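Take a look at the structures listed below.
You will see chain A twice below: alongside chain B first, and alongside chain C after that.
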Partner chain A sequence: MKLNLLRLAILGSILLFWEAVAASGLLFRDVVPSLLKIASALGHLGVNADFYHNLSATAGEVGISLAIGGSIGVVAGLLLGGSRLLGKSFEPYIHYLGPTPKIIFFPVMIMWFGIGPGSKIAMGAISCFFPVALITAAGMRQIDQVLIRVGRSFRASTWQMVTKIYFPAMRHPMLNGLRLGFGVSVIGVLLAETKLSNRGLGFLVMQSYSQFDMPGMYALLLVVFALAILVNAIISRLGGLAVSEI
Partner chain B sequence: MNANVEVLRVENIVKRFVTARETVTAVHHVSFTVAQGEVLAIIGPSGCGKSTLFNVIGGLVKGDEGSVAVEGRTMSGPDPAIGMVFQEESTFPWRTVADNVAFPLELAGLAKKERIERVHHYLQLVGLKGFERHHPAQLSGGMRQRVAIARTLAFAPKVLLMDEPFAALDEQTRLLLGDKVLQIQQELAQTTLLITHSIAEAVQLSDRVLVMTYRPGRVKSIVDIKLPRPRTAEIIGSKEFGQYVAEIWNDLRDEASLGMKDAEAHLPKAD
Partner chain C sequence: MTTRPLAEAKWLPATLGLGGIAVALLLAELAIRMEWLSRFIVPLPSDVLMSFERIILEEDVLSRFLATAGEALAAALLVSFVGVALGALLHGNRLLRRACESWVAGLAAAPLVLLYPLFLVIFGRNALTIVMIGFVSGLPPAILKTVEGLSGTRKVLLDVGRSFSLSPSQLFWKIRFPSALPVIFVGVRLGLMFSLINIVGVEFLINFGGLGQLVNELAERYDLAAMYAAICFVILVSICFFIASEKLERWLVS
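Then we have the complex of A and B:
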């Protein structure tokens, strides 16, 4: 209760500080627009059909990239974690490629998939592949070996081993991988949209910026924040359901 | 027990481990049989290859020589005829108690109705009725091991194969659970092979005790335990019980001290 009050107070003072800077006129016009202006820009976004069109474009790209990059990442992680040889031979590459900024692949992706949604989806998928693959491989190695022996002693098929032992035993690392993968695929897609595109939230942000519509830009950023928090909360909730047995 | 009907036949098992430096023979020409309804305990010092033997008989590890047969059928790999109980914590933490016991039945594709009936029956047998919906983390270590035993029994194996099933438990729980297992074994007339390092446990539960030598693990002696059946926990206080413990310790002492010397020889020494 006290903690919540403290948190509210922190948020309140940040907003107050922002408003004070905006009102002081110390900074160039609209670099720090008044909260009221941002709120009204948000209101405009809310009734703008074009905004929803771009929002759904970005959401679709993120969703598809998460599905593609995530599932390839899970399969790759299972192979890397399941086979000592594969793990030892491939993992250094994935490990060192993982932290490189994926945006350097963007020109290649444009050549392969065009400037439409294809290249954005590819960027998101590449971004999310690495953390998902690495976390899945690590999770697989942490499975209690005796559980695998139990499965084998009951003659579980490979499919039964994967669905009834590996996946449930790895549920926590895999949900974490999904969360990280979602975060980086949003980054990949938005970044690609700000570079070269004609739709999506990243495109709208850059459009507002080039027209120096700062309240509109901040409003868009708030929308992106809010969506990211919402999805994260949903994934955590799924994870929460999975951990309730402990 | 019907000593005339042989259920498990283990013949000439040899298992070697090859490392870069040396070849270690863990199990060396071990043979024995277990009759219908009989409990055979295998006892030996640490490092005598008990757990290796467990894995080879269960089919999880391939032996270099020899064969394992149940009711005349030679095993090749894990088989429903042999049910294994492990010494480690082996329940699935994400499944409820009932779903843990149902696991092998699910794999085999049993109808839901029959699964529920069997799970109910075996949970009652191990004394865990009323805990169906609990998760393993909510139970004590002894209860979790009973879940693991029920899970293996639910598959109705011809031979119950247990590797130090009470090793992870404290002394009092071990005694109580040992008694519980004894009652279950007698009720089902379950043919059982128990691997243990506790002499008291071996005498309490079994009809014969097989003593293994220290590395390489061979059969040193087989002691008949002629304590009356059905047995209860009171048997531990009897004079005969003490005599059997002493007799087995006599056979085991030299092997155990060999193992201890070997372990000490491998410790780094200060100059």
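Then we have the complex of A and C:
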């Protein structure tokens, strides 16, 4: 009860402060628009078919990039985690390339995949690959050796080892990797859309910027943040379920 | 049976890793020279290597590096002071922490770098926008790890402090803060990584500042070899930064 009251009080104070700044005229006109204008822009977004068209474009690009980057990352992680030699040889490069700013590869992706959705998907896939590969490799090394010995004692084939031992034992780290991969692939796709695109939520944000439609930009940013946090929470919840099921 | 002793030989993984990269580059060189790959899309690795001299001498890469480093330093200072202060504030008030910690964790999952068009409107197309993006994106991990570090202070240390009748302020500065320092540094390091990634990213996107702008300019000039060399330079700078911060973290923890 106290907690909810405090949360409401904090939110209320922030909104009141925002409204006061908007009414004061201290900042440039419309840089801090009134809450009413932002709510109205949010309402417009909700009934705007163009918004859903762009949302589906971004969602499609993120989904495909996650599928491509995630699956390549899982395979690479399995190889690196499964072989000590490969892990020691190549994992340091992935470890150190992981935190580099991926957006600088965008000109290269444009050269390779064109200015359409291909380059955005590639950006998302590159961003997603590194966390998925590193977490899968770490997860692979943490599998209980007893499980692996049990599988071998039953003379399980490689495919059976992967599907019956490795994958079930690694559901949690893999989902965690996908959660992180999702976060960075959203960033990769959206940033690529802001740089060069004619569709997607990143494009819409830049359109609002170029038209100085500040309430529209705030509304879009709120929707993007809310969606990203929501999907992240859903994958985290799935990861939690996987742990309890193991 | 045979791979285990090989894998334990120190020279082999390094040789295999470097050798693998060298072979990949040689294959790329060969494929481009044989015109299996278009050199208008992928430049010759040898051309990229030769372009390093050009980007250092003609593109003034040192001053661009200093510009990016300056922005990163400003963001790092902001992240360190504000992040640690906010973390300490949340840790000090249990109710406030319970109310806000999940919000901060939510912000850590949000693509905060997408705020850059908004910051362009507020601060203009200048270094302040880049620093503020770096600051905002680096803040959540610094706050969360500060809270975690301060909460993880061993009870026996606190009891010793209380037995000496230390005031709450003395307890914080003499016991909680020093014992939490390694975990706080992990948060600050994570924050700095996010800051650096976003600083270079926004430099590239708004074509302003240091190394990110260099990559963008070379791409717009269609100087492919130099663009690849600039990308390699950014990667090298990032790797050096991360190795240095990892070593510092290990030193602090030890």
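Operating definition for what follows: the second predicted complex is superposed on the first by the 243 of 246 C-alpha atoms of A that agree within 3 Å, B and C clash if a C-alpha of one lies under 4 Å from a C-alpha of the other, contacts with A are read in each partner's own complex, and residues count from 1 in each chain.
Note that in this section a residue touches a chain if its C-beta (ideal position, glycine included) is under 8 Å from a C-beta of that chain, and two chains touch if they have at least 3 such contacts.
The model shown is predicted, which means the values in this text are computed figures rather than measured ones.
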For A:L6 in the superposed arrangement: first (chain B), second (chain C), both or neither?
second
Touching A:F105, do we find chain B (first), chain C (second), both, or neither?
second
A:Q160 in the overlay: touching chain B, chain C, both, or neither? Say first, second, both or neither.
first
Of chain B and chain C, which one touches more of chain A's residues?
C
Partner chain(s) touched by A:V224 [first = chain B, second = chain C, both, neither]
second
Partner chain in contact with A:I64 - chain B first, chain C second, else both or neither
neither
Just chain B (first), just chain C (second), both, or neither: which does A:A125 touch?
neither
Applying the touch criterion given at the start, work out whether A:L204 contacts chain B, chain C, both or neither, answering first, second, both or neither.
neither
Considering only the touch criterion stated at the top, classify A:R171 as touching first (chain B), second (chain C), both, or neither.
first
Quick one: classify A:R149 as touching chain B (first), chain C (second), both or neither.
first
Inside the complex, what are the residues of chain C that reach chain A?
3-4, 6-7, 12-14, 16-17, 20-21, 41-42, 95-96, 98-100, 106, 109-111, 113-118, 120-122, 193, 196-198, 200-201, 204-205, 212, 215-216, 219, 224, 227-228, 231, 234-235, 238-239, 242-243
Complex interface listing, chain A residues touching chain C
2-3, 6-7, 10, 27-28, 31, 83-85, 88-90, 92-93, 96-97, 99-108, 110-112, 183, 186-187, 190-191, 194-195, 202, 205-206, 208-209, 212, 214, 217-218, 221, 224-225, 228-229, 232-233
Sort out for me which residues of chain B touch chain A in the complex.
58-60, 77-80, 83-84, 86, 88-90, 92-96, 103-104, 106-107, 135, 137, 155
Can you name the residues of chain A that touch chain B in the complex?
144, 146-147, 149-150, 152-157, 160, 164-165, 168-169, 171, 242, 245-246
